[in-house]
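Below you'll find a set of structures to go through.
Below, subunit A partners subunit B and then partners subunit C, in two separate complexes.
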Partner chain A sequence: MNTAFYLARGPFLYLAFAVLILGALRQWGLTIAEVIRAYRVAGDQKIPWQWMFKKSLGWIVPVNALRGARVLFTIASAVFHVGMLLVPLFLAGHIALVKKGIGLAWPALPAAAADGLTIAALAGLGVILLYRLLDKAARFLSTAQDYALLALCIVAFVSGYFVAHPAQNPLPFNLMYLFHLLSAELILIVLPFSKLCHALLFPSTRIVWELGWHFVPGGGDKVRVALGKAGEPV
Partner chain B sequence: MENRRLFLFKGFMWVLAGLAAAVAVLRFALGLGVSTALSDTTPWGLWIGFDVMGGVALAAGGFVMAAVVHVFHQERYHAAARPAILTAFLGYGAVAVGLLFDLGLPWNIWHPIIFWNPRSPLFEVAWCVMLYLTVLALEIAPVILVKTPFQKLHGLLSRLALPIMILGIMLSTLHQSSLGSLLLIMPFRVHPLWYSHLLPELFFVSAICLGLSMVMLESSVTSWLYKREPEMEMLSGLARLASFALAFYFLFKMVDLAIQHKLGLIFDGSWPSSLFIIEMLLSAVIPAVLFAIPAVRRSSKALWFLAACSVGGFVLDRINASGLSQVWATRNFYFPAWTEFAISLGIVSACVLVFLFIEEHFPVDPHALEQTEAERKKQESALPAFAPFAQVWLGEGWRKSARVYSFLFVLAMAFGLTVAPKTEPVLQMPAKRAVGADILRMGPGPRYVYFDHKKHQDEAGGDKSCCICHHLHQKGDVGTPCVVCHQKMFLPTNIFNHEAHVAALNGKASCALCHGEAEPVKVAPLAKKCSECHEKDFMAQNPAVKVFDSKWAPSYKDAMHKMCIPCHEEKAKDPKVNQPNLGRCGACHDSGTATEKAYLAKFPDSSKPGGVK
Partner chain C sequence: MGNETVANSGAEAAKPAAKTQATPKLLPHQILGTSYYLEHPYQGDKVKRFLEIFAAVLKHTNYGHLVDTYARVGAKCANCAVACQIYLATNDPKDIPCYRTNLLLEIYRRHFTFRGVLQSKVTGEVYLTDEKISELAESVYHCTGCRRCSFECPMGIDHGLMTHLSRYILSEMDIAPKALVVATREQLEGKTGNTSAIPVPALLDTLEFLADDIKDEKGIELQFPVDKEGREFVFFPAVSDYLLEAETLKGIALTFYAAGEEDRWTIGTGYYDGINYGLFYSDWCAERIISKEIAETKRLKGRKILIGECGHASRSAKVFVPSFGGGKNALPVMNIMEVTLDMLRRGKLKLDPNVITERVTYHDPCNIARSGWIVDQPREILRAFCKNYVDMEPKGEKNYCCGGGGGTVSIDEVRSYRTGVTGKLKAEQIRRTGAKYVVAPCANCKKQLREVCEDNDLKGVEVVGLHDLIYKALILDNKGGKP
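What follows is the complex of A and B.
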């Protein structure tokens, strides 16, 4: 237990951040290379940057989706994302640890706000999980990875809440702390390689989507003709 | 992926390169002390032995094949010449990179260009490396340029190919032997079995042998990787040449030892003698005998194995000569840290990857290029594959490779960054009484500073004045000298002994004494400050001594100057002291002073080198 605790606080934390930073650099490098390549083969190279920027903002603040069919899901997802971004980055305890480690510090959220956001994010996660389980289409599309990542987020938030409130903690403090460390580090490690990499790639999603519409119409058929495979199914 | 073998091999190379990249970051950020097992007594270790000496020797195939094909016109080896020259170019590139890791001040690597010291063997080595690397680049450039728009340059270099080739053979001959001359200057360090006045010649002959073996190994490995038929006719011809060269090398070495009356040393049973026997068996005896048998020369697997055996033996020879055989003289045990192995293997892997890339994309071996290009074309039309975890389209051909290899590289590098040492182990010194005498002789000599400790102590106020100069004392000691804790001034020093505190303060029950009850995590930065209990031990009064405000201590020179000079300058102004020259350099850095005479009267032998301190 002590060894696990030592590993989680020292080497494993180091590994998590090393993987996150190097993995992010790799993912960005690959994405930029692919976007440039897609741009070069695009038939129409005029990209409506302004419109794309607005559209991206529109997805970050999903007001329009509130008129859609999945209102509850939209709200839950937005609340969860706000919590997921603000709480880990602006929690007073986290900032204190960073300050101790590398000497950097920034303003923290008030404790009450952090608690509120944590509970809201947990509620959001619950709704997302229910949606995945109950909605037919969502359940069909879900893979083990989707459930595992949701579970990881839930464990990280729940254990984090109890680490911050030791009085309500049902388990030994160190065990809860270990759960929090391990789940959070696992999130950082899988982030650049799993679906979670949308956190790194969200600025480019619109561009990739847009470039897809700029490919030459019927380009695929020409490729098939060039390869001598005309008429065969892709 | 059609060629699973090649794919796995490249993946493994990328993993090794990733590990090396991690160690490289730490080596340049934190220095040699943290990232190697090298020390002042063993400054040449695996990196010099393997990366530099071995790298140069492994590159010998370039000049050997250039000579065989273009000077002796043995046209049937033509196919092996270009890959051999490419290997030589990459080998020398690896030498330059490996040297950057090993040099204490790598940013001064350009100094031999400007600051000439024609008497230094290293000067010759540096110039040979620079010139030969340039020549190799010119030799290999036409192969790359033929696929670029710079056709005029390509034409020019192709016309100049022969003179460049001859220049390369000359420079390489010079350089292979000059590495041997480098060892000539340490007759008392290199073990007698390796030391010889003919070291330059021995290095040259062994480089030819190694060059032939390396060409065979490299050709066999690439044909295995790309699943081609090994070019048996060429390989067995090379093996025949190698058996003559190896036999000559073995005889040369033995006759040289016999003339020096050193043959008996081979069987004296010591550690160097066993190393020597292993090295000679691997590098010369076994391959020379077996290469001479025609049946062995017809088997591709045997050639493969024997070439590897010979290459390993000669690399061991370079490591022995430049490092292991010196342990005999320094009596300072050295075994490379894993980080040193990681860098060496990583550099080799990077070279292998560059080699394979160039061979796959440029006409190093036109026949092989045709084959790989046909395969690439086939892959372009293959169906797309999906990454199982990221659910991202992997693309086809090299795009898939880029994703997989970069993934392996990133994971290996992160792992390396995590496990590589980030601090040198803090040395725990036993407490001991101050080593002071009345007069101390300080500095590296031969011009010492003679410091009248007793006079300074008396004038500063006797026993109570230690804290003016000394800051922190060890337990049971007063006025502990700097060197007891700051064994290396450029490293962070920490004398806190956690186990001793736990034991002295009643075991585990005492955690709360320093860490506090409410503190959920027991870590040093949150614990009580040392000075809360040890106030009387932190006695620095001298403004030049600042305890614990910096990770590193000043150098000895700075520490002494900052303590002595301000005080001396103040006293020099004091009319009561009446010594206006007290603040000048000569006040301490002067020979023939009364203090020196008093010291030498007490220790008459100490003026000679090796005398009493």
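What follows is the complex of A and C.
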């Protein structure tokens, strides 16, 4: 137990951050290189930046979707994402750990706000899970990964809450802390390799989409040549 | 099931003499036929061929990184399901846009990523099978490519583009609806050079006939401008309009005449077809078709490409002319409704508000409305002379597709599917408006909506073009025309 705890707080934590950072750099690097490549070979290089920015913003602040058919899901998803971003990054306890480790610090959320966000995020996760289980379309699309990642987030938030409120903790403190560390580390590690990758790539999805419609002149001919079909009729 | 329908129709059509019409197969819903005829699909190792084509496409086009991104970020939230009128009609999870897109993305993940290739090496399993190719082939022609779902995807996954890409890959192994391929072949390699196989003499006869009609009905002597050099616009309608949409063409000609701006446009006899099925299934064909439009416009020293009342022709020109015709230096592309609105705003057109008294509604063709390009222009024109104008709901960028998008309208063998499933919501929408005239400025939508009305028992509804109504309402008294 103590060894596991030691590993989780030490080497594993560094490993998790290393995997996340290297994974993110790889994804971002590839994206930038590929976007530039696609832009250069595109026949039409006019990009509607404003429109793209508006579209991306529309999903960061999904007010439009509030008029749609899945209002509750949209709200739950937005609330969860806000909690998922703010709590890990701005929790006083986390910042204290980072300060101890590498000496960096930044302003923290008030404890009450962090608690509120945690509970809200958990409620959001609950609604998302219910949609996945009860909505016919979502259930059909869901794979084991989709449920596992939801479960992982729930464990991370619940255990985190009890670590912050030891008085209410039903389990031995160190065990709960271990759950928290391991679930959070697992999230960081799988983030670049699973669908959680959307956290890294969200900012580029619109430009990538836009460039997808910017076809390459002569591309169709090159494909035919590569397939040994040059000169063949339709 | 997917396997059976496409493979069967393929096998039938593969025999040279097999021109007989087979009964369309039924989907589990028991109401629709979705098999489409193939000419001579690839007979070798389909899996190997599919992967070769996919690899070549990823290498030589801009799809590679797009597919890679989509394969990583898709969160399977199912938001797209509520936007898809096909899923709403069938309630079959296989019609969820995300599911369809994932058919292709999973092939990419398993055959083109490090992890997928490693997985195959370890397990010795080949993911792609003939059955999966058949399922994809059927699925992507269920989709009308309306792209309504792309608004609902928080990750910006454009399922319409993925449908297009899947169809493109399949078409390179000759899995594409015969109806589309035959028309495109005539357009690119046939004697007439257009999808409806209208030879030039027949075109000229038609134009003369239309002019005679205008003379009889309006008392105006005008001639359709043919092969005039140096005009602002060279005009490309969906060529089928010359056979089917006389009123629309007459309306356009009369509009230019009434505004006194007849010398702004011309029809070219070198090439006169706006249709571009390449948008639906083949990048290779799309580029070749667009080159013909550009070449004809340059031959006639025209300055702009003018597309008639046709959604996909407008969009393919708008998107592909810059892509394949020189980027910034490409010829500008306009839709006829933009030109007409401009004339109306400049006070060049007088429209009688007492001619069209019945209720009018407007159907937004996906290809011009989804991007927000042409949404308000036709409404401004209609409101200028139709007293009883009502909108459908939803409308504009979020409209429902007519149900015949993505080329499916040209596939006659899937009519029961188009009118019973994909066009079902549209039929209800039209019914709710209580309109007599449904204005649908698109050759695809017009044909489809007429069939939708017929098959869904919508009596007394007339599907027309925008210029059909303008033709009726134009006031020509100062031109010597009949009041």
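By definition in this document, the second predicted complex is superposed on the first by the 214 of 234 C-alpha atoms of A that agree within 3 Å, B and C clash if a C-alpha of one lies under 4 Å from a C-alpha of the other, contacts with A are read in each partner's own complex, and residues count from 1 in each chain.
We take it that a residue touches a chain if its C-beta (ideal position, glycine included) is under 8 Å from a C-beta of that chain, and two chains touch if they have at least 3 such contacts.
On a predicted model such as this, the values are computed, not experimentally measured, just so you know.
After overlaying the two complexes on the shared chain, residue contacts for A:211 are found with subunit C alone; subunit B is out of touch. After overlaying the two complexes on the shared chain, residue contacts for A:18 are found with subunit B alone; subunit C is out of touch. With both structures placed on the common chain, the touch criterion links A:151 to neither subunit B nor subunit C. Contacts of A:173 after superposition on the shared chain: subunit B is touched, whereas subunit C is not. With both structures placed on the common chain, the touch criterion links A:133 to neither subunit B nor subunit C.
Shared-chain residue A:195: touches subunit B and subunit C both.
Between subunit B and subunit C, C touches the greater number of residues of subunit A.
Under the contact criterion defined above, the residues of subunit A that touch both subunit B in one complex and subunit C in the other are 30, 34, 143, 193, 195, 197, 227, 229.
Touching subunit A in their complex are the following residues of subunit C: 52-53, 56-57, 59-66, 68-69, 72-79, 81-83, 87, 91, 93, 96, 98-99, 102, 115, 152, 154-158, 161, 172, 181, 184-185, 188-189, 282-288, 319-320, 322-328, 330. Looking at the complex, you find that subunit A touches subunit B at residues 9, 11-12, 14-15, 18-19, 22-23, 25-26, 29-30, 33-34, 100, 143, 145, 166, 173, 177, 192-195, 197, 227, 229. On the subunit B side of its complex with subunit A, the touching residues are 381, 389-391, 395, 399, 402-403, 406-407, 409-411, 413-415, 417-419, 520-521, 523, 525-526. Partner subunit C is touched in their complex by these residues of subunit A: 27, 30-31, 34-35, 37-38, 41-46, 55-56, 59, 62, 65, 68-70, 73, 77, 131, 135-138, 140-143, 146, 193, 195, 197-198, 201-202, 204-206, 208-209, 211-224, 226-227, 229, 233-234.
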